[in-house]
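Both of the next two complexes hold chain A, though its partner changes from chain B to chain C.
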Partner chain A sequence: MGYFSDIYHGIGTLLTGMRVTGKYFINARKGAITQQYPDNRDTLQMFERFRGEVVMPHDENNEHSCTGCQKCELACPNGSIEIIWDRVIDPETGKKKKAIDQHIYHLGMCTQCGLCVDACPSDAIKWAQNFENSVYDRTQLTRILNKPGSKVRAGVEE
Partner chain B sequence: MGTATLEPTSIKKGFKSEEYFINMGPQHPATHGVLRLLLTIDGEIIKKVDPDLGYIHRSIEKMCESNSYQQIVHLTDRLDYLSSHINNEAVCLCVENALELEVPERVKVIRTILGELTRIASHTLWWGVMGMDVGAFSSYFYGFRDREMINDIFEETCGARLTMNYNIPGGLMQDIHPNFVKRVKEFIPHFRSKLPEYDRLLTGNIIFQKRTKGVGVLSKEDAINFGASGPVARASGYSCDVRKYHPYSALDKINFTEALDTTGDSFARYKVRIAEMWESLAIIEQLIDNIPEGDHKVATNAVIKLPKGEFYQKVETARGEFGVYIISTGTKNPYRVKFRSPGLSNLSLLNHIAVGGKIGDLVATMATIDIVVPDIDR
Partner chain C sequence: MNSISNMIDWFVSTGVLNMAMIALIYLTVFAVLGLFLVLLERKVAAWFQLRIGPNRVGYLGLFQTIADALKLVSKELTGTVKADKFLYNLAPYFVIVTSLMALAVFPFTRDLQAFDINIGVFFLVAISSIGVIGILLGGWSSNNKFALIGAMRSGVQTISYELSVGISLLTMVILTGSLQLSEIIEVQKSGWLIVQGHIPAIIAFMIYMIAGTAETNRAPFDMVEAESELGAGYHTEYSGMKFAYFFLAEFINMFIIAALATTVFFGGWLSPFGITDSLPWMGLFWFLAKTFVLVFLMMWFRWTFPRLRVDQLLTLEWKYLLPINLVNLVLMAVIVWLNLTIQI
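Take a look at the complex of A and B:
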């Protein structure tokens, strides 16, 4: 190719590319996927399976369904879950039964792999969808999942 | 008059050119992560490239030795994080083969679809970053725009955008989300209309072609000698697609052509990756309409113990051949785990193809080799 036809061809290819960007420049409002975070915080809906942090749901009687079987503690690859448990006497049967004292969750060590929730036989823990997990002090990342004074729901067995 | 005027030619004559070192990285944006390249250069001409590794070594292989087989899977997310789903699949296939566990057809098909979506996501990101490396800024946004749709699919079904950890030995952690098929079917025509845009925007661009054509030429012999795999080897004419030669999951029933080129330069590697995106779309289209019904996993023991022996499984990630080698002594932890990562062998040929070129050419070559540093360092 000659010198001038080279330049002519070169400018042509640049214009072809610019036609693409120009098309989007004119139609900027159609199909834009930019999310105006954090202004859209109130309407931002995460997917229901999104793994933010592990939580333990409690019902209105302050009861959870964690039996203290420690399967989540065993499944965790990083040691993010620690369960402090004791044997208490069941008032109905009079037998000694395992019950959790504290279900400690270290969010700072968690890799959000989901093995603990998968391992839980009584669906006591589940994923919350919040993702704004930054804190000023790392001790705040250690959380006790069972609320104070809570106990295991009647009928939930290992 | 005599010596009063100093002519430029005399300066050139008296100047003794010497080679010198220059560091590229470890935080140079064009090295795609914490990789340090020690360049020996003569002026602008590269004489030698020494990659210096180890900046993000996390001893993942050693960590595997103290983890159970279910727990290893999530560590492989952190190797080549752009093809994390395929890495997970490799470990799961290796464990399943060792246990002689037959997973349901449904699992195989879903794994293949997700693997190809991962490949497209990885290549779209590469395309955007590749454009940026050679000076085109728009491509970055266009690549990320299309990747966003795939990330939404992953987030809805797997629960995460990058470190999915969706495969478990024996199947999948959960069944696919009800919206999965709908979203994939929306994505395919969308991406089919956007891929020609990639060509118009970057492939035909005269500046881009001048930067990549004839740069970093790798011959077929060298590709084989250096153990290259993936698009890097296929651009040199070395047909090495693991999906073709050692099909795994549902790939044995799929018709697709392996993207090949013979030129071996940066532009050929670029074209191979673009062709691979078309092929991945074709593979997904063949599978998405007939996902078989059935369970999403088969039950395994809570504590998986592999039989005594050595097991190897290789898969084709977005960067090439990824292998998992497990030595088991029959306990619940592996005795030794070795990952064969495509990035390391592809990086090893960088010195060979970059010598003699300019620093700018090195950036274009690095971009088309498409290394992910956590995959190399592990």
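Take a look at the complex of A and C:
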């Protein structure tokens, strides 16, 4: 009786498939995953894992947590990150220590691989969710991530 | 002057003028219907895949396919150098003319039927098998291996599945005792045939829908076009309006299959339980409503099931559908002989 059970089984599986797509059809208006991009520009939320560009978050005291260890620079396969650093005298201890002058990030060379963010020991850099990265002049793709006058947050180096 | 008025008299008296006018109306209506079906397909496909679908051209994208058609009309008609020019140009007309001819015999409502012949169902089955000649011609004369493979698959598929379409319709014809479509609808005033014929009618309907989908070369039976294997199958080399003819014919054929199922299984323009018998024009509404439900069912098939292989296609037809169909035919004959039909 394999013949008839085959037919029965076949129809059963076809109906299972149709039930799945039927559910999608009914829920299409609520659950459409298409983003109507230029229209919903103001409300569009990118998902968390999206890699737009590398940024360095600063807190309200204009402090970041980059110690200038250069691990991101070493990790980058394209040489997109250049760190210009200097030794400065710590006002509290009076000792010389390393501090960044400029954290330069070349967005034009970046492949969004994320190795720099993974390599950073102090979580000083992270991914931003912006995606409208085109500019009219390629010099604008070279960005200095630390804001002018910023300094490293105390206690990050321990 | 006299000879011209004589000619006009001749046209009017023989009904040629009437025929030409009706043909023109049908052509316009069904060209628009074909475009609407393309839009519907795209929208339904989008909803099945949790997308939005065309929504830019006109209100809610309603003019999308009209814009597409205008684009196709304005495009250059290209062809291959070594194509058989005569057959290559003839093929699209074969396909579109046969599908438009088939529309002539449908009773859309009580008196809205262009051509009420007493062999209606037979005529439809015959006409639908001419369409495949157009596909074979187009594929062969393109001088393209993909087109030829597509056309050959179409031949295999359509000729096989025509048997199932024919026999499942024949099963219902046993019940009606007539091939005339208007007569078939008269019979259904005492219950739609799918109710009258109960078990064998439901089996026949299922077989008809499977075979009908295969005969229109739609997914899951679209090895003829099989984008991932053959480019576009038999119409790979066609462009512009000639391509549009193939495309439009495909969608009109889908409408024809659904309309025939409506007429033969679901009472055509008859309203359910006779609720709108006092309003004759409502027949058109009921006919189109039933047809579009079946068209939607075919779209549901298309966007759910994956494409079959050629050997699976032939196994399905020759080892499953055809034997079941023949047994079903005998079953229906016994039921009609013993008067076991359900009459409301």
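Everything that follows uses one rule, which is that the second predicted complex is superposed on the first by the 123 of 158 C-alpha atoms of A that agree within 3 Å, B and C clash if a C-alpha of one lies under 4 Å from a C-alpha of the other, contacts with A are read in each partner's own complex, and residues count from 1 in each chain.
As a convention for this text, a residue touches a chain if its C-beta (ideal position, glycine included) is under 8 Å from a C-beta of that chain, and two chains touch if they have at least 3 such contacts.
Since the structure is predicted, the reported quantities are computational estimates derived from the model, not experimental observations.
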Which partner, once the models are overlaid, touches more of chain A's residues, chain C or chain B?
B
Contacts of A:Q36 with chain B and chain C, given as first, second, both or neither
second
Could you look at A:L14 and tell me whether it touches chain B, chain C, both or neither (first, second, both, neither)?
both
By the touch definition at the top of the document, which applies to A:G79: first (chain B), second (chain C), both, or neither?
neither
Report for A:A28: first if it touches chain B alone, second if chain C alone, otherwise both or neither.
second
In the overlaid three-chain picture, which partner chain does A:P57 touch, first (chain B) or second (chain C), both, or neither?
neither
On the A-aligned overlay, A:P121 touches which partner chain: chain B = first, chain C = second, or both, or neither?
neither
From the superposed pair, tell me which chain A residues show up as contacts to chain B and also as contacts to chain C.
14, 17, 20-21, 33
Using the touch rule from the top, collect the residues of chain A that touch chain C in their complex.
7, 14, 17-18, 20-22, 24-25, 27-29, 31-34, 36
Within the complex, which stretch of chain A touches chain B?
9-10, 13-14, 16-17, 19-21, 33, 47, 49-51, 71, 75, 77, 111-115, 118-119, 127
Please output the residues of chain C touching chain A within their complex, sorted ascending.
44, 46-52, 300-301, 303-305, 320, 324
Any idea which chain B residues touch chain A in the complex?
67, 70-71, 74-75, 138, 145, 148, 152, 155-160, 163, 165, 168, 173-174, 177, 197, 200-202, 204-207, 209, 302
